[in-house]
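Shown next, in structure tokens, is the structure this report addresses.
Just so it is clear, A, B and C label the chains in written order, and each chain counts residues from 1 on its own.
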Amino acid sequence: MTLRGAHLLSVSQFDRAGVESLLEIARSVEPIARRRQVCRVLEGAVLGNLFFEASTRTRISFGAAFCRLGGAVCDTTGFTFSSMVKGESIYDTSRVISGYVDALVVRHPERGAVAEFARATNIPLVNGGDGPGEHPSQALLDLYTIKNEFARLGKSLDGANIAVVGDLKYGRTVHSLVKLLSLYRGIRFYFISPRGLEMPVSICDDVTNRGHHLEVRHALRQAFPKLDLVYATRIQKERFSSEEFEGYSADFQVNASFLDQYCDTSTVVMHPLPRDSSHGAYDLSEDLNSDSRLAIFRQSDSGVAIRMAIFSVLLGVEGQIAKHTRDAMWWRPDLIGPDDGPFYRLA
Amino acid sequence: MTLRGAHLLSVSQFDRAGVESLLEIARSVEPIARRRQVCRVLEGAVLGNLFFEASTRTRISFGAAFCRLGGAVCDTTGFTFSSMVKGESIYDTSRVISGYVDALVVRHPERGAVAEFARATNIPLVNGGDGPGEHPSQALLDLYTIKNEFARLGKSLDGANIAVVGDLKYGRTVHSLVKLLSLYRGIRFYFISPRGLEMPVSICDDVTNRGHHLEVRHALRQAFPKLDLVYATRIQKERFSSEEFEGYSADFQVNASFLDQYCDTSTVVMHPLPRDSSHGAYDLSEDLNSDSRLAIFRQSDSGVAIRMAIFSVLLGVEGQIAKHTRDAMWWRPDLIGPDDGPFYRLA
Amino acid sequence: MTLRGAHLLSVSQFDRAGVESLLEIARSVEPIARRRQVCRVLEGAVLGNLFFEASTRTRISFGAAFCRLGGAVCDTTGFTFSSMVKGESIYDTSRVISGYVDALVVRHPERGAVAEFARATNIPLVNGGDGPGEHPSQALLDLYTIKNEFARLGKSLDGANIAVVGDLKYGRTVHSLVKLLSLYRGIRFYFISPRGLEMPVSICDDVTNRGHHLEVRHALRQAFPKLDLVYATRIQKERFSSEEFEGYSADFQVNASFLDQYCDTSTVVMHPLPRDSSHGAYDLSEDLNSDSRLAIFRQSDSGVAIRMAIFSVLLGVEGQIAKHTRDAMWWRPDLIGPDDGPFYRLA
């Protein structure tokens, strides 16, 4: 499987060997992503970073990844795109911009719109999220983080116990992640959500058809076998009437007391971010911030290496990175955040 | 005529020799614009890309062109500019930003505002469109496309038959283009518009004073001599009451049936884009998308080379490009769009 | 005092030796800031230029400064930041973005928000203005300009006569500047403002405690000893009822007639910009535009060199600039603005 010149629209494009080969490239560019080295392999290339829906962190993560390979970035942000407002088709927009740049990242609020963009261009295009559809680079960085955490803990993904918690119906992130995890073997999945927000049946079927164990639950605080991973997502208040919502999110909050009671010292806690830290949101609790099991910032940090790997393979330069890399000469901290523990150190 | 250190505000700055020399430079940078080569002649230079009116494609085209020469871009987009809202004069804004960057592109919704910007700075400034005024880089890329298409077809611009169709009163693009075309000899122009949207008299006078043939028409479907070029533009619905509008745009739509009936296999069809593909807009028809006579994407692709040429001459580096250019090493498609025919291939 | 790896949040971080050492670095990078030379010492580095409050000129000045050192810039602008709208804490936002970039500039409408950003990251962060709080790079470029102007005039900052005029209560710029000036010796300060808009008592106390002379006035047109510097700021209309405002700003306008009557040929006139040039605003008058005592554009030009110096010391590359610098090869004007006099020439 080669991705040279391809579009990256969905995690369904990967088999296990393909995804592992991409993660291997991500691992090899970590010293660049972590600013120990500078790479100029894409010097002269230009990325069109088109965000028809605002998502500052994702936009900057893609942009920084392209810059770290030596390229330049043309951004567009916000909900309006002048020519599309004037009735221009996605076909025309995509084809015109493709004449200016070497690769595209497109985020769009409507499912399928990114694929429509992709059909109008031969230059590599990455789906940066299409509404309720897919967001493959997020699922890939999640898988990369899980593999890195498990490697550190001496664990295997095959046979792991994994709880996925929150709004599993509308959360596109968990849909794509579960598809990728299903490429592995013998996983015990616990899908835990309020009633009405269950994981779509097609994804559940896929999981069981591939021979994984699946348990669907409607309460978080129940006995588990030793959990290797808790993947928490936000329950979006706006999907409920206010009386329905009372209790829902509090009952599904992953926090220190949940970890103390149901997990052990080698459980990994992840979340796609952003998490809602406002009062009464009951998203992933801040009381875990100094708990080394919380991997959320190791997870977001991984986005740069994964996106560098994606651009490298789509543009076919993965074999030329090493010879266009040199040491960085500016100051960087040993740990990026003040609460980063030893697991943040680059091996 | 030298443009080194000059502002590019209007196509009126060019004589025939001057414009052809610019097109020659555009031709020489095509391998860079087409990503076969990488140029770093402007490495370290910074462009201020100031769009006081949103125009994503034009902004990205200018930005990508500056990047392709090795420079970096600082963008500003949208309708507000914080300090101008606080009562800052154009003079102050222009002079302050000029202290930060090496060249400016300015787009502004008001005619004359860009010239006011230009008067306050000695650094090169390009008019990126000033409301109903001028948009010289568009007219230059149009001329460049026409010359390239005619060269391919073995035709000369001198003596050509050219139809310009649509809203000729408010379309600044066609005003500037006709001025440039008038620098050539013996053209037969057909200006075809609804009544009330005719080409301004001053431009018509200029055309005839320079010895060209001019015919003003109010219907598209009439006999023509063999047309070498049909340049279509959008008729802007919002300029009409709804009953007036009925029929207008349908009657003036350039589509496959029009080409079949009134043109031949060597007619070139162009449009400044964006075209309105929404139902009932009757803009340039999508039924021509796979017709090789449709040159609209060859036209928009040309924007990068033309804008590279403009920056090169204004910043005086046109003679140094070759020695700062090397081969690109990343993957690029042979044809940018899935419907691009053989005429898209770089010679 | 070293700033390597530090955050720059406030001018209070500087003593006299520290600030002079920074100005010395700014002086050494002037040929790069003025486009005579190109520097690539930060090639491969990425700046996160986060403007949660719009400020185009400041954003571009920081961005251009980072580019002039060879780095790349990821911008975010405007009043919304998608994930913060979803309830994300400043801690999470700061830590996540810090995983993508090498340095941050943050502007935020609320006092203290930038410091909160800084506490969540170990990468260098520059306060780009936090509402009524601080804007240290502006105060540093002001001090740099004063020192340059005084050097040209053969004057010393120690013992100078300095008038600060306008809204001294809400103008954060003058607060930070006065703190920096207080590091010098024997200055005679004249703080001139409408009643109710006086300089905060804490700053006045600081000035007198450090042994400077201080006179608080409520009228501009009074006898002065020979003034070396008039620093004018805008009186913000919106802080007054309309009848109160009448006269206020006219009485406090610095213009040609004020300079003729109360100053001499060696007085320097500065303003943080933007100035309100709209009718009836009575901000610093445009009738001084061709008066060589007006240093406002020399002042704004200085922003690039100061911000280059800031990034250099925070990222620890100040000692490596010279060996990564070469001559620029593109055209640049001798004077940036058409009204720039000889004092704009680079020494």
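Everything that follows uses one rule, which is that a contact is a pair of C-beta atoms (placed from the backbone, for glycine too) under 8 Å apart; a residue touches a chain by one contact, two chains touch by 3 or more.
Only a predicted model underlies this, so the values are computations on that prediction, with no experimental measurement involved.
Relative orientation of subunit A and subunit C, expressed as the C-alpha superposition rotation angle, is 120° to the nearest 5.
Homomeric contact subunit A/subunit B is classed as different-residue, with under half of its interface positions used by both copies. Remark: subunit A and subunit B have CA centroids separated by 40 Å (rounded to whole angstrom). Of all residues in subunit B, those that touch two or more other chains are 72, 75, 78.
Residues of subunit C that touch subunit A in their complex: 4-5, 41-46, 48, 72, 74-76, 78, 80-84, 86-89, 91-93, 95-102, 119-124, 314-317, 320. For subunit C in complex with subunit B, the residues that touch the partner chain are 35, 38-40, 54-57, 59-61, 63-64, 67-68, 70, 72-73, 75, 77-78, 234, 273-278, 281, 283, 286, 289, 297, 300-301, 303-304, 328-338, 340.
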